[in-house]
Amino acid sequence: MIIVLKTDLTEEKLHRVAERIESEGFYTRSISQYGKLLLSVDGPNTERLLKEVTKWQDVEEVIDGHFPYYLASRKCHKSNSVIRIGKGDNQVTFGDKEIPVIAGPCAIETAETALAIAEIVKAAGVKIFRGMLFKPRSSPYSFQGIGKDGLEILDEIKKQTGLLVVTEVREACEADMVAEYADIFQIGTRNMSNFQLLKYVGQMNKPVILKRGMGSNIVELLCAAEYILSYGNPNVILCERGIRTFEQFTRFGLDIAAIPSVKELSHLPIIIDPSHASGKSSLVSSLTMAGIAAGADGVILEVHDNPEKAFSDGTESITPSQLKDLIKSGKKVASAIGREL
Amino acid sequence: MIIVLKTDLTEEKLHRVAERIESEGFYTRSISQYGKLLLSVDGPNTERLLKEVTKWQDVEEVIDGHFPYYLASRKCHKSNSVIRIGKGDNQVTFGDKEIPVIAGPCAIETAETALAIAEIVKAAGVKIFRGMLFKPRSSPYSFQGIGKDGLEILDEIKKQTGLLVVTEVREACEADMVAEYADIFQIGTRNMSNFQLLKYVGQMNKPVILKRGMGSNIVELLCAAEYILSYGNPNVILCERGIRTFEQFTRFGLDIAAIPSVKELSHLPIIIDPSHASGKSSLVSSLTMAGIAAGADGVILEVHDNPEKAFSDGTESITPSQLKDLIKSGKKVASAIGREL
Amino acid sequence: MIIVLKTDLTEEKLHRVAERIESEGFYTRSISQYGKLLLSVDGPNTERLLKEVTKWQDVEEVIDGHFPYYLASRKCHKSNSVIRIGKGDNQVTFGDKEIPVIAGPCAIETAETALAIAEIVKAAGVKIFRGMLFKPRSSPYSFQGIGKDGLEILDEIKKQTGLLVVTEVREACEADMVAEYADIFQIGTRNMSNFQLLKYVGQMNKPVILKRGMGSNIVELLCAAEYILSYGNPNVILCERGIRTFEQFTRFGLDIAAIPSVKELSHLPIIIDPSHASGKSSLVSSLTMAGIAAGADGVILEVHDNPEKAFSDGTESITPSQLKDLIKSGKKVASAIGREL
Amino acid sequence: MIIVLKTDLTEEKLHRVAERIESEGFYTRSISQYGKLLLSVDGPNTERLLKEVTKWQDVEEVIDGHFPYYLASRKCHKSNSVIRIGKGDNQVTFGDKEIPVIAGPCAIETAETALAIAEIVKAAGVKIFRGMLFKPRSSPYSFQGIGKDGLEILDEIKKQTGLLVVTEVREACEADMVAEYADIFQIGTRNMSNFQLLKYVGQMNKPVILKRGMGSNIVELLCAAEYILSYGNPNVILCERGIRTFEQFTRFGLDIAAIPSVKELSHLPIIIDPSHASGKSSLVSSLTMAGIAAGADGVILEVHDNPEKAFSDGTESITPSQLKDLIKSGKKVASAIGREL
């Protein structure tokens, strides 16, 4: 149960409301986001409490447990959330007219190759570089990423190219270290429901690309975002990256309807990852165009100058020249729907 | 196993090849399509036969059973199949630059309402009217369509508006009757694997919109098309209409990657049905744009002038004014990728 | 909408009720099953009619469209349906204490091999022989079954062994011919939603094994059964044969929970097909034990005396000696839950 | 790539092998488990290395990356792994003749209720108590568990009842604290791919119940187990708890075939969780019987003395009297297949 409180409530009154509820054996947590004051309440038989609380004078509205997210919803925040990252010429916005392209290798391999790809994607017009250092891999015998040694490489790329960088964070205790170097966190599909991690980055201010779990539905994605929002961080960018289906021609099934569905339910920006969704470089361009046309607020792409030699995910990486063509087409499609790539 | 024969083979020689194979206990069927001559062979242990046949002088190529379709593949027919329907100003092509829009009510209700919607969609620029008379419904207690009485209504619509019409055929014994009135057959998702029906329409020349089974993968869709092609009818238009997934916000999961995947594997045109895929009128426009951008060769839409009063599927039908907006946006997206809607 | 009428209603009164409803523009169909009298009504805005009809004195109960099946439900028929097939020593019952085993080759190949397998399964204690003549296959280049020539073989098997036989019927126009030879129809997974076929066999008295569509949910399976029941045939045996899931180690995912779920919702017997579900002979025995323990009312198995040489589905066929072991174990598990195999 | 080394290899030689491989730019990790010595190698183009290494005299076998797990496989360890937990009368074994029942509330609520349920399940013959303190919940507004305050409650339950206890661990940094109180860790479905956690518990000796991810396939489950095994902990008990499917009558689809499939591929014990799989208490008993008959090595059940008042998952909890009946039936089914519950 979520209690939306009157916005002019004093801290003292808030405490009193919380105490009164806790005295009946419930748990509470106070939340401040988007200029709203909320009290989250849980326990059995909240039905009775719900009826009572609705009448309290400090209470604006009570939302019962069947509606499992609120801050992430259009009900709470009507207009699109716009998330601004970086400064000056390098500033990028998600959720506005702009459709940023994020590109780079699946994993950072060496400083040289990473820098080379960074320069290539920059030349193609990309403003955000992706390069993972910590790779969650299904098999313990697959390349796990070069780890924290790579943080210096990210730093070097930022200095030399001016690009913003996004990299994955896998656990709460890693977040502070990664935050020093990354402009944007990525929380991967396997960690969408790592609530400890969500709570931790919720207490930071760093923008987060939150990927949908491969076995998670849209409501669960919004609930995961709600964790981050409710702990204080409003900078959440959702990412549709394909779900598990019976179709096996593509590695995952890109749920294109998730884009307009999320936009209907939520004000948060949503981007797509056609590389991981399809697992096939030949499909990446078409899926990117589809995503843009459907209203995606960005796209994250795997690019490698030598896909066949990539440490991981080579089959889905596009080449620099394919990236150039993709951006050219993407600009046209974006323009057709009144946006800019 | 499929044997691709030399194209200059005489009928007599073909018979001799077939006889020789049948004498070893195998079944054969001779197929003529796209200027090619094929012999389909089946039975156990074709491996041994495969090796032998490969050496025969009349044999161009032997394709083993692990590749379950051939005529539908790019391997057989490299360039896109272009399917022309209608004449003069009313001619429509699938598989070329044009992206035809098919629109109409889910089911034909009365002559008046059907004609009214037909005039509306025509005015919006649509060239093909959809209106089902025979509705396969999950429940026997749901509206089953007005049946063959509606054929005259289709005829009337054709005469008064000049629109081409598409309607569903559910079983072989119904096909000849429907063919007299319909310009295009629809074979619905529940009949994709009704092989008796596929074989029957394969022996006709009528264009067929073949919808993907909700539980069928891309290869099975191409195999279903192969039934029609191998019985002689080259006029197959595939349709992605959503598959069963665990996500329940939309009625089905539109598999957008099926579009570029089919284009990679096959030369056949493929259209999308965003209305049935999503089951939600609010998502139809975004999904249409996505489909066009991904390379779809057409779109089939449910339009109703009063969705709330529709006999079936009202929640997914768009209004005439939504159709007009959708076509306007669609034209821009089509143009951005070098096509025309 | 379904109207359950008072059971003492005269035919004349029934007509009057139907006429009154049709006069308001709705479609009706009268149904007689399980000693009940129903009127199925369809059209838009049945809500208003629903309210009115509820008050009519001849009406027992009105069930709105959100409950899409009725005859198949426990609501209509509280105790388990028991379906008796055959006579004397050869009689078999589904839905009672007995758990019949149906076994045989995937497809009938020759009279000799079919008879040999029939003798083998009989010796193992099986009372029903399965052998398909018409095989719906994904690829037109796969073995399609020996067709109607095989009907005589079924006849021969019945005469020589006394076994009951089940074979597939694919379309309405085939049903009468097949009915002369088969004791039980099988409607396969690809035809669960072939409503023309369901309606046709609904007008016969022949028992039907109705397999769940690979992309169909439990409610849709019960709706398919409702077609048959509502056209007059009460002899429906449901079959869980695996659904499409993302897991690819097995060919389909046997939905074991469908057994107790169907038993909760419906009075109809339900059997399982572990051979097609798994596609792996090594898993068949474990899945059979699971099915029996979960409450299945029967099991249908593919048995071949030489699985590697089978025309189709060899990888999932068990050998005669595996069948013997399976039946031995099955008897123990059946007995543990108070039943008999 | 995994290199299986000769078992008589000295530490020194192992280092030399590792150094030689690392000198070519690959990453290595040495693994000791089941009396075997392995070297895990990763990087691009391992094909060339694979060929070379195969010839080295210290190398027993080289397993390429297409086989992503080894220690968990029957290839490595032929006989069933038997995991013994507890001492004397309280000892429980997984993977042998015994089929242990684990039971308790979804979440620990208060010391009183937890103890009461513990006494009840003990009286019913259960030897392991489940009670979660840290609850990963989709919504931040759902009850998150009473947390570490509950550890003392677990301790109390152990002392008063002699039951073994299993509780969930969500992140690496929590593991040491939880290990002091729990006899068995549970790693939940949302953490199956939390590789940091897997690596951490891999370095402990505590038995782990590893639940399958709701969107993960069988091979990925075995890979997750491989993480734990390869870091040194052999005490892994797998758990099938239902996967995401399109069927929505049950909360998840219990993949019953996963039991014999895992047994074919792996030597590790596998148990089932019918409570979370179905989400419906009425189905729990049937699914438990199915699991036992299919070969499951244990079952984990949610039991609550007052399901309607449970803080979480009340709809799937069975009552104490249902537990008693379930155990009675379970004993019979277990005995039918030669095992003991």
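We just call them A, B, C and D in the order they show up, numbering each chain from 1.
Simple rule for what comes next: a contact is a pair of C-beta atoms (placed from the backbone, for glycine too) under 8 Å apart; a residue touches a chain by one contact, two chains touch by 3 or more.
This structure is a prediction, so every number in the text was calculated from the model and none was measured.
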Higher-contact pair (C-beta pairs counted), A-B versus A-C: A-B
Chain separated most widely from chain D, comparing mean CA positions: B
Gap in Å, rounded to a whole number, between the CA centres of chain C and chain A: 47
Chain A and chain D, separation of their C-alpha mean positions in angstrom: 30
Length of the line joining the C-alpha centres of chain A and chain B, rounded to whole Å: 38
Residues of chain C touching at least two other chains: 215, 219, 243-246, 248
Footprint of chain B on chain D - complex, ascending: 244-246, 248
Residues of chain B touching chain A in the complex: 215, 217-219, 243-250, 253-261, 263-264, 277-278, 282-283, 286-287, 289-295, 329, 332-333, 335-337
Partner chain A, residues of chain D touching it in the complex: 1-2, 27, 40-45, 65, 68-70, 136-144, 170-173, 190-191, 193-197, 213-216, 219-220, 223-224, 226-227, 230, 243-244, 309-311, 314
